[in-house]
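By written order: A, B, C and D. Residues from 1 in each chain.
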Amino acid sequence: MNVLDVRDLSVEIPTETGHVLAVDGLSYSVGESEILAIVGESGCGKSVGVLSLLGLGPEHARVTGEVNYAGQNLLTRKPDALRRVRGQDIAYIFQDPMTALNPLMPVGKQVEEVLAQHASMSRAERRARVVELFELVGIPAAAERARAYPHQLSGGMRQRVMISMAIACGPRVLIADEPTTALDVTVQAAILEILKDLRDKLGMAIVLITHDMGVVADIADRVVVMYAGRAIEEGGIEQVFRRPAHPYTRGLLSAVPVPGQRAARARLRGIPGTVPVIAESVDACTFADRCGRADEACRSGRPPLAEAAGGTRVACRHPETKESNGE
Amino acid sequence: MSEPNTAVAGGTGNGSADVPALHLKNLVKHYATRRGTVRSVDGVDLTIRKGEILGLVGESGSGKSTLGKLAVALAEPTSGSVVIDGTDVSRLSGRELRRRRKSFNIVFQDPGSSLNPRMTVGEAVAEPLRIHRIVERRGEARKVAEILDTVGLRPEIADRYVHMLSGGQRQRVSLARALAPEPTLLVADEPTSALDVSVQASVLNLIADLQHDLGFACLFISHDLAAVEYLADRVAVMYLGRVVEVADAESLFTRPLHPYSEILLKAAPLPDPDAQRTRERIVLGGDLPSPLNPPAGCRFHPRCPIAVDRCRTEEPELREIVRPGGATSSFACHLVDDQGVRPPLIADMPSG
Amino acid sequence: MTVTTAGTARPARSRARSTGALAVFRRALRSPAGLAGFVIAVVVVAAGLLAPWLSPMAPEATDYANPLSGPSGLHLLGTDELGRDQLSRVLYGINASVLVGLASVVLAALVGVPLGLVAGYFPKVDRVISQLVDVMLAFPNLILAVGLAAILGPSAMNAAIALAVGAVPGFVRLIRGEVLRLRGLDFVSSAIAAGNTHTRILWRHILPNATSTLLVQISVAIPHAILGEAMLSFLGLGIRPPTPSLGIMLAGAQQYIETAWWLAVFPGLAIVALTLAFNLFGDALRDALDPKGRRR
Amino acid sequence: MITAVLVRVARAVLTLFLAVIVVFLGIRMLPGDIAVAMLGQEGNPDNLAQIRAAYGLDDPIWVQFGHYLGQVVQGNLGRSSSTGLPVAEVIGRALPVTLELAVLAMIVAIVIGVLFGVAAATNQGRPADWAVSSTALFWLSVPSFWLGMMGILLLSIVWPILPASGFIPFFESPADNLRHLVMPAAVLGTGFAAIIMRQTRSSMLDALSGDYIRTAKAKGLSRSKVVFKHALRNSLIVVITVVGLQLGALISGAVITEQVFVIPGIGKLTIDAIFMRDYPMIQGVVIVVAGAYILINLLTDLLYTLVDPRIRLGGGAAS
């Protein structure tokens, strides 16, 4: 059963140099205990997309579409109602745990704040709960750490604090926006383990935003690949990694050197050109200018998401059909 | 400190093929801060042979970037020496150092800040040519166009300012500028980590091609193990200011000797779900200790799953062994024997 | 390990704005407030500079028939106790204010910028310069100017010098901070690695990148200096009578405030127009340099 | 932490010491003979010699300085050359007047400045922001002495509800004291309110765009909690620094405000001393003002350390 169902989400951001269509008709859904990864390069709209779900996107942004949660469209709800959803039903963790925590408030207090907002608990109960939460996410000496300020903790500990804050009220959906990008690999591994562990224990759905295919392979059940504001491929990770159908997905995968394949010394294949900035929804494939197989059809109509041979859904008129390893 | 015997002892000699491109001898860099002394680089011996790419990996706070700056005399070592082509450049100053800078250079991580925003691409590339009087003014424009061509940029770009370029283009300009005086040593400090994945590949390819064509030696600093594996001939692993392992890339990536090397390798997620989910996992407990106050004994012991008492008290020296197949490896670990055998790491430690 | 991502919604394009002084200037002119400020400043400054041609009478000419007369067709802004034409005196006063203001800012920049450059670049010299700046800052700006003007004696030139001395620490601090910031950027390291000399790094790599910040500081310092000049003259420590000065006119107006309001109102409005115009434009410059207004 | 405070205090003392030197030398660099300046051109040679002997003007300059410094340390600032009264005593009488004016003005400035700054920042881009910001910019461009004159014109002459000038000590008549200080304090205070407002607005905007604000919103906190508990507290750190720096400027502002409203404070004392060529008095006033300013800056710095845990606690993980 889908916990969160996003339909045709578009986000338009006004800027000095005209507006930018950051997200263009994005649809996806995530089920209970499922980890959905949204992957893409910088500027593809993946972060803006999830922030806009609960009105946390850029100010003055125009958000259209439907965000269905618990039988209601969140985009049409009033700010007050939305606030009750935030932190309680749908919680976020962000990329940089240094800046995402208030530097002037002890971390324990910052976690207590969520509890004070959404749960009726006494102060003592809240404090006890914070220690419990800290222990759950693997923060040693929890009671003592709760009194620390963010700058006194390491990056990994700070991100654990963020996670404990997010799960404090037992949300049904956790949105993790590049949660490990600012961290070292060894710490990243630990944080990803914690997320998987929490998913298993608490059964929440996780929407994970990342640019790292390795992270996707590690933790996700399904993946949506975004390019220039659109979903261009979607599917279970087995399918997407084994038989990516969109040339861009393929490009992303072959652009990363694969560890252990050194002997082959296969040349990396980057994708020529750069990600375009989209001002308005165009009736064409936005990847056409960087794509080797683009033709007139690609430039004259927006390709719909359709079933591909490999079991993924792809927005491409000329999808790849071979297994990716066979190249 | 024992020296790898592959290095020419003492680093004397001049211009002969045996002189390493870069030889760091017991290099130390301490920074005084308000909170105390940061022991950023704390006794490093490292050699890069001519025409080889040495990958330097380590996490933030390991001192790898400081090492890169020391290697091109952008920072002055607290002690120890930086020998480039037989000359200790760390003690040179003024005119002589500036003259020598022709033969070593550096490219940085952030393409947004590594080029002067008030200079055009052409000026940026021409500057080192002028300083080292490589071409006459008349031939300058042609030379610049030529250099831009080698990094895959069109000559028209010479009139543009940096803010008009994409990240990938900027990094190409940085490479063009750094390689313009044809140095024998290039330090590349995380040159791809600020770039988008699809652009990273082309920059990695470019570095590989340029190195192949121009034959400079390269210290390639990165936290991206896959990139290092792709490019490097040999790899050094740094932890808290010390080099803990140096080996040829093949050996290091297939059979790392130091526990930290192995943990680092296994922590990097593979972009392949089957492999990633079935592989043995080791999650490190604890955090990187502060370089203000590194642990006694082996610096890795508080996080090492197989540490013994000796590790807590006695700091391991870098030892060198010859591995089956003839390759040599250096490592700083008490638990590895002379055959390169060490107890296996315990898998699946509880997280946290 | 910073990887640029779409974490913030700023599109790549806006991050790539040029911060060159000329580009910043042009952007500032594109905002309505900036344009208005610029136009008013140009008009008022021009009116001041063209005072000898624009003013209906000589500023010292006395019309004994009409002392302390209100605004009229003959004297648009009225006359003072000696029957001198206020409009002419205001125009000349603007002239003096602008000249003293500009002179003091130019002087302050000429001294402050090199000191700031050196202090930011050479940590050892910095200790000395920063301590000196601290001592100068120990005297509140205007007290310093008042004291200096008292020591030097009242004159337009001395007022400019006194105001300049007070403005020097601002320039030193600002440029020093900017140099420190720029020094931390990789392109300066890259310039060193290329084999540049210190002089060339300061001159070719650091200074050009500090020009827009300098421009903003100058635009802030000018209205400051104009207000400062008016105050010194008001206290009798600036421009010496009978040279017309807005400050002196206001000081004289105090005596007649109950009977001749125009003497107090018009010179004041002239000062306000002048400073407001520069402030408007300065704000627009600052916004153009840093849209979020993060810098002070 | 304690060493940091001590270093800061030592620096302040050094600065004050250097400031005293500067003032001392500055006065002696005056063109002409001080003794002549004191007595005026009519002084006969005997009197001049007397004065020189009395002020030790014939001694080498370092001896004079050593002597003067010794006196200053004991709180003796010499005697006024125009009235013969001890400088310290005269300043002691004028100081409370200026302090009262400054404190009242500062209260006006902080209340108006912070309030409107927050209002403008939280309404960024809306008409309220525009109105507040434009008013502040306009107010910055108005010379305070002219504002004072306009105040007198409107509130004492056209519509006489407040006295135009003068000062009544607080303990003589609190009500009269306030009536006399309302206008000067408002004139002085609103000028600084404009500065504080602009600073509050920009640091609030900065704080509001911080990642931790997004976190606070994502937690589901109410808007007022986000603004006051998270953004305001962080932006106040910057505001405190500005207020501290502005206190010095406030002293300057008081000089001219006192002149306009004829208030017998430090400012009026300074100007009068300058015109009377009363060098011991000028010297004394400038040293007291500089000392006060250095003290204020020191206190601001220490306050800053107290408010910001990043400075207070230091240590922790390197990041």
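The criterion applied here is as follows: a contact is a pair of C-beta atoms (placed from the backbone, for glycine too) under 8 Å apart; a residue touches a chain by one contact, two chains touch by 3 or more.
Everything quoted here is computed from the prediction, not taken from an experiment.
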Query = How short can a chain-to-chain path be from chain A to chain B, counted in steps between touching chains?
reply = 1
Key: Pair joined by more contacting C-beta pairs (C-D or A-D)   = C-D
Task = Using mean C-alpha positions as chain centres, tell me how far chain C is from chain D in Å, no decimals.
result = 21
Key: Intercentroid distance (Cα basis), chain D paired with chain A, Å   = 52
Inquiry  = Taking the mean of the C-alpha atoms as each chain's centre, how many Å separate chain A from chain C?
reply    = 50
Remark   = Each of the following residues of chain C touches two or more other chains, namely 1-4
Ask   = For chain B, what residues touch not just one other chain but two or more?
value = 60, 196, 223, 287
Query = Among the residues of chain D, which ones contact at least 2 other chains?
reply = 315, 317
Message = Help me check something: in the complex, which residues belonging to chain A touch chain B?
response = 41-42, 137-140, 154-157, 184-190, 192-194, 197, 211-218, 237-238, 241, 251-260, 262-263, 267-272, 274-275
Query = Hey, which residues of chain C end up touching chain D in the complex?
reply = 131, 134-135, 137-143, 146-147, 150-151, 153, 223, 227, 230-231, 234-237, 250, 253-254, 257-258, 261, 264-265, 268, 271-272, 275-276, 279-280, 283, 292-294, 296
Task = Report the residues of chain D in contact with chain A in the complex, numbered from low to high.
result = 210-212, 214-223, 225, 230, 233-234, 237, 307-310, 313, 315-317, 319
Complex interface listing, chain A residues touching chain D = 51, 54, 56, 79, 83-88, 91-92, 94, 96, 98-105, 110, 113-114, 117-118, 148-149, 151-155, 157, 162, 165
Query = For chain B, which residues count as touching chain A in their complex?
reply = 59-60, 166, 168, 196-205, 223, 225-227, 229-230, 249-250, 253-254, 263-277, 281, 283-284, 287-288, 351-352
